[in-house]
Amino acid sequence: MNFGIVGYSGRMGREIKEVFKDHYLCLTVDEGTEHIENTPDMIIDFSSFNATFRTIELCREHNAGLVIGTTSLKPEHFSGLRDLSLSVPVIQSFNFSMGINLLKRILQDFSECFLGWDLAITETHHVKKKDAPSGTAILLKEAVGRTSDCVSLRLGGVPGDHQVIFANEGEVVTFSHRAISRKVFAMGALKAAEFGLTRDRGFYSFEEVLLCRQKQ
Amino acid sequence: MNFGIVGYSGRMGREIKEVFKDHYLCLTVDEGTEHIENTPDMIIDFSSFNATFRTIELCREHNAGLVIGTTSLKPEHFSGLRDLSLSVPVIQSFNFSMGINLLKRILQDFSECFLGWDLAITETHHVKKKDAPSGTAILLKEAVGRTSDCVSLRLGGVPGDHQVIFANEGEVVTFSHRAISRKVFAMGALKAAEFGLTRDRGFYSFEEVLLCRQKQ
Amino acid sequence: MNFGIVGYSGRMGREIKEVFKDHYLCLTVDEGTEHIENTPDMIIDFSSFNATFRTIELCREHNAGLVIGTTSLKPEHFSGLRDLSLSVPVIQSFNFSMGINLLKRILQDFSECFLGWDLAITETHHVKKKDAPSGTAILLKEAVGRTSDCVSLRLGGVPGDHQVIFANEGEVVTFSHRAISRKVFAMGALKAAEFGLTRDRGFYSFEEVLLCRQKQ
Amino acid sequence: MNFGIVGYSGRMGREIKEVFKDHYLCLTVDEGTEHIENTPDMIIDFSSFNATFRTIELCREHNAGLVIGTTSLKPEHFSGLRDLSLSVPVIQSFNFSMGINLLKRILQDFSECFLGWDLAITETHHVKKKDAPSGTAILLKEAVGRTSDCVSLRLGGVPGDHQVIFANEGEVVTFSHRAISRKVFAMGALKAAEFGLTRDRGFYSFEEVLLCRQKQ
């Protein structure tokens, strides 16, 4: 695949470049600079929402699909992305970790089976993380669909652990996720880009990417 | 509910009595002795397959549903149980732990989403357990539907831990089950008996009991 | 060894009887009843402080050593026990779990090495436990000798898990204890009683019992 | 502190530079190139044993202490290092993780207290790791001083987890170590370098660095 990276010089940009190393990087965008060598099939953007409108223009220009993991998108950005998705595939998510998205789906499908069980959600992150509970813990809690205590630990350099624990008198069932590095998000972007290549147009969540095989 | 216990004096019999304490125990059966005070709605049998044919007769006699967790059942026992299920509800399983049955179902539904991830299954049991890997580890492996290393530890008095671990370059997802005591199986029997009260007849697995709410 | 149990009919009494089954139970005491068949070498008391003075008398009468795990002892009980320890061995502790006492000692000896690391203590117990954090979590925290967040989960029937977690930028070290059943305390009592048989007199903590081999 | 790095351009070199960022890097050495701006107090070498003799010369030349984490050192290297340690402090270890060295020491001091408990050692590493069990698992096993099963899992990108598990009938005690990144070794090197600044001469293990406070 020919691909482009918006936010090429940032931390996620570097991870994406590394994970997509079997593909041809033909477009790089940073604040104020754009380099193009060829027409991209897919553009990957995990940068800031300040870049989003320019990213949309670039996709239109090159008829390229889009994988966008930018956070804090506003309604006007979503409008732009929806419009774009009428002509090319757009895959949008706030969390491109495969594991978290699978757990979310599992919890949505099965949490009813755990009615009557006690529930706790725990998460551990590095001490520099300021918000607690983490956005991902909130996402998992919403997937379960019940009120729950959510316990947050801030310890050393832990990249991110999450646990959803169900227990009754006789047994404990735990769903755990552990991030090893931010590479996980770049790997999710690659999976999404490969999915995009198989579609003509449409607006997709990362969950749909992951579950497409299962649904067929 | 009025209920009966086959294998009343055994370890599981005592657990069942304790867990069903809000219901009326009106029939108790042990090798060579039967006590009956009233007509049971459901009969619970976690004893030996030597008892199975007599249990079937008792169910017919009293038009009672059956929850049967006896292991090592042979084809002739299954024939008898199938026949019985034409007139009353029969719930049969080799493992009445709710957690294990839910994990099994989750793995069956979602293991395809973990293609390309590394897989390991681990289990820890008390040192008196002779077989390794445990039957439950094998069941979980079959639910995943892939070959996998299965690591067994035999340590102290651990009642039974199981883990199914998926990992890729960037993340680890773990499904864990921990048994606290054998009470868990009696609790599963109660859930199955309550389900049986809502059915006229039919042969059911414990999985169907657990997932009935979800399916409706 | 010939031994006696004070609080014979209680939950701990039954566990002690089971764990001491290779020894000769020759004295049993319950509120209002005493049965004696022979002279005990050691008396085991995990009952109420209401029984303590009578227990001390019995030890004097039979020149028997004492293992006492009764909680909420008052200064007058300790005076009585100290006096008794001038003639026989007395082993007293509020927690006869071997694992917890070893962790306590390890943390006392090594916590200084973890200065500069982040610290968290977590504990999980069954939902019927009313106090939080657990007495054992407080004991472990005191052993570390630093202020620390202490996170408590109350979930299903979990007998008791404790974790002391140290983390820095690059690594995480965790000390974990998991209780399987209350049998653990009876096993500690047996170890203490065997230790008592080797001493003429003196007042000992359970820690001293556990570390005697190491110190020699 | 003024410091130098041998193996400046390698992976560990970069980690060391990052972790020592509050100090003045005044000497860098790579195969075939040396840059010097000032006299180093300490030299850090985690490169190849091919570099060791030149490193020793540099230490002599500048009267600098040495922290050396190079693996596969041969007897002639050790002779050289011992000679050097007559004039400057030399801190040598095959594993500069603080956590692993502390666990090793704890296990050496306390494993006798766990006689009679079952023991298992487990380790999990990324799939590219070829040896099993890991050198660290072997080191921990030797610290316990008993034969033990050692279970190895190779899964995804896990940097390195180790567990030493003791269990009896009633309880489980687990000592766990989890590496977050190779930064941990650079942090150990910094601690060793700071220790070196306080000594005139001598040959030290990393364990002595970690335990110096405790011993005083």
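We call the chains A, B, C and D, going by the order they appear; numbering starts again at 1 in every chain.
What we mean here is this: a residue touches a chain if its C-beta (ideal position, glycine included) is under 8 Å from a C-beta of that chain, and two chains touch if they have at least 3 such contacts.
This structure is a prediction, so every number in the text was calculated from the model and none was measured.
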{"item": "Contact-richer chain pair (by C-beta pairs counted) among A-D and A-B", "value": "A-B"}
{"item": "From chain C, the most remote chain by mean C-alpha position", "value": "A"}
{"item": "Whole-Å gap separating chain A and chain B, where each centre is the average of the chain's CA atoms", "value": "38"}
{"item": "Centre distance in Å when chain A and chain D are each reduced to the mean of their C-alpha atoms", "value": "37"}
{"item": "Chain D, residues touching no fewer than two other chains", "value": "156-158, 168-172, 180-181, 183"}
{"item": "Pairwise touch network: line, ring, star, complete, or other", "value": "complete"}
{"item": "Of chain A, residues touching chain D in the complex", "value": "156-159, 180-181, 183"}
{"item": "Chain B residues touching chain D - in the complex, by the definition given at the top", "value": "117-118, 120, 122, 127, 149, 151, 153-158, 165, 167-172"}
{"item": "In the complex, chain C residues that touch chain D", "value": "97-100, 102-103, 105-106, 109-110, 112-115, 166, 168-187, 210-211, 213-214"}
